[in-house]
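Comments concern the structure below.
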């Protein structure tokens, strides 16, 4: 199965019943598959006039209680930024898939990159926090899409599936489970103000049509949902809650794999470069090499670094100029070596072996 | 029930300036809804950014006050996902015709079963009176200090060309006609576009020689011409006075529509 | 045993589909592992198109083909771009109707397009003739597996034509084997 199709199938299995999108290489297969499948499941597929509208449509659908998703790539992702901020501010659960391609601008439509990792974290204006997942196999395109919906509903934030063209277009073996985990969106309790948070900082969801009469605004709002845009204290409290509800749950949200935690030399990967590093580890059984494979990059799982207690060097191959290496470096005193790669091709195992002094 | 029962009392007073025409339009819309007998829990208001877009915040139903220009795609998501909901969009000339122009065209083309009420004050009121796509040629605003040099948009003709099923234009003076038009729009499957010309005394009237609120309302009244009369005049090759506001029902048709409840 | 197969031809020949079919045969019917990837540009037709499959008994880690041991080449431009550099130890199956050059490595000439046009009446199935020849020559997947995978992948109503094309591919290799 192709990665993009696995993503669409994962979304359908997770109960996604609304897809609003705009065609863009290399993500289009997701929209095409949803267009075929959603009507048969009484869901809605709509091709919007652009990615701004796509993002708006899924937010609208989400407020009616539907699990909603869009899929895009760099240029479309840029257009979505404004309404991603709206989803953050209004605490609207939704899933945004980005099959990353080479940028800036139109760049390399058919080639892989991971240049949008910082954009997904910081791309909309203002301070906030989001969740971003990075699949490195077709199997994970399926599994992490399911997970994205569960996290979006749990934390009421946009959740990003930050894949790349290689994983999106690759076909490989996948095992489709009979059932998938499903976390219900927590409903607002009667009598509670619509934006009054529970202990986990996440308010119950006042679905449209249930009589809550909720006003949803992108303006700074109080717990009633009413605009209150000139009260400094209120704004600070709201933004801090939006930020902390994700950041303080980073351990709960974290998802990574640790190989050889006692190694001195440790690779750190997410997305398709993980496959290059796995090949290096496979090919050099005599050498103890650590591997931290992040399936979730945001919120950044800084505690995962501590799993490698003997680490002397972290090597981070990325399909960008070191976006996550820089973030990683902030959290450790151990030397971090960034191995950037642009152009659309994956790091060859031979390149990485050479880098760590293994001769083929 | 009356239209007053639809207001969110704990949100009042509102932010509109004294003499603003928007309140009239909101009253007319709520009156139409009341006559339709819609249930509050099945009615959703959606808006973008601007003075007009603040309206949903004063209404008791579920509502989305979204980003600038994007009310229609948000409303599309709501309506396509739950066609049984009645979805009303409040917007303004800047929101709908400038930043949201493309969404307007495509919502009309899809003919989604929405009621779109545009309060056209011919200015960006909330941000202090900049020129909009409907600012008349020659009119003064903070960004057209020597008079607007750009021809203005005719939003009703645009809606017709793009495919909306129901289109009419009235003004804040014509409250009975406007209420009827909004109601008729709500009864018509597909996209209904009702444009309401409104006075903005603070940011339009003040700069354009309307000393009192009523001066501008009187101007709107006296420059309004029924569409039938206008069409007759045009046919006869008669002269249409400058700055005429053509009012009335522009179209009522049954193009295929989306999001109509079964 | 890891096999890396590179397919190249011009857009519209079914180069990507060929790779998908053989990957499917390996995974679904031979219980092996396979990864299919491709290089594609903006053209839907024409140009040099390339796709690749890795077939292995073990899970495949690095998903890209770096050193193909099998080439299936169906156009002269494809040969020049993706086949000319084939290493000596590789095997190349080439459509001798359309490819004029010959590589330094071992190669097998299969007049697939001519066969498809003259014997089967449709040159569109030339890629399936090549797939038949590939399987008969290299055994990267079993003959029953490729047959099932072809049936899964081709449009309804064309099954017979495609199976004939596959069989013709098998035969071309077997005839060659007995004559040499």
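Letters are used for the chains, namely A, B and C, taken in the order the chains are written, and counting of residues starts over at 1 for each.
The definition used in the following text is that a contact is a pair of C-beta atoms (placed from the backbone, for glycine too) under 8 Å apart; a residue touches a chain by one contact, two chains touch by 3 or more.
Predicted model only: the values in this text are computed from it and were never measured.
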Fill in: Centre-most chain [mean C-alpha coordinates]
A
Discussion item. Based on mean C-alpha positions, I'd like to know which chain lies farthest from chain B.
Written reply: C
Practice prompt. Would you mind telling me which chain pair, A-B or A-C, is linked by more contacting C-beta pairs?
Written response: A-B
Worksheet entry | Where chain B and chain C are represented by their mean Cα positions, the distance between them in whole Å | 62
Worksheet item: Taking each chain's centre as its mean C-alpha position, how far apart are chain A and chain B in Å?
Response: 39
Practice prompt. Let me have the rounded angstrom distance from the C-alpha centre of chain A over to the C-alpha centre of chain C, please.
Written response: 37
Practice prompt. Please set out, as single numbers or ranges, the residues of chain A touching at least two other chains.
Written response: none
Worksheet, complete the sentence: Seen from chain B, its contact residues with chain A in the complex are 8, 10-11, 40-42, 44, 46, 54, 56-57, 60-67, 70, 72-82, 85, 102-103, 105-106
Fill in: chain A - residues contacting chain C, complex
109-110, 166, 169-173, 272, 275-276, 278-279, 282, 345-346, 348-350
Worksheet item: Hey, which residues of chain A end up touching chain B in the complex?
Response: 17-18, 20, 44, 46, 48-50, 52-54, 56-64, 66, 68, 82-83, 86, 206, 208-219, 224, 226-227
Practice prompt. Going by the contact rule at the top, pick out the chain C residues touching chain A in the complex.
Written response: 20, 23, 27, 33-42, 60-64, 66
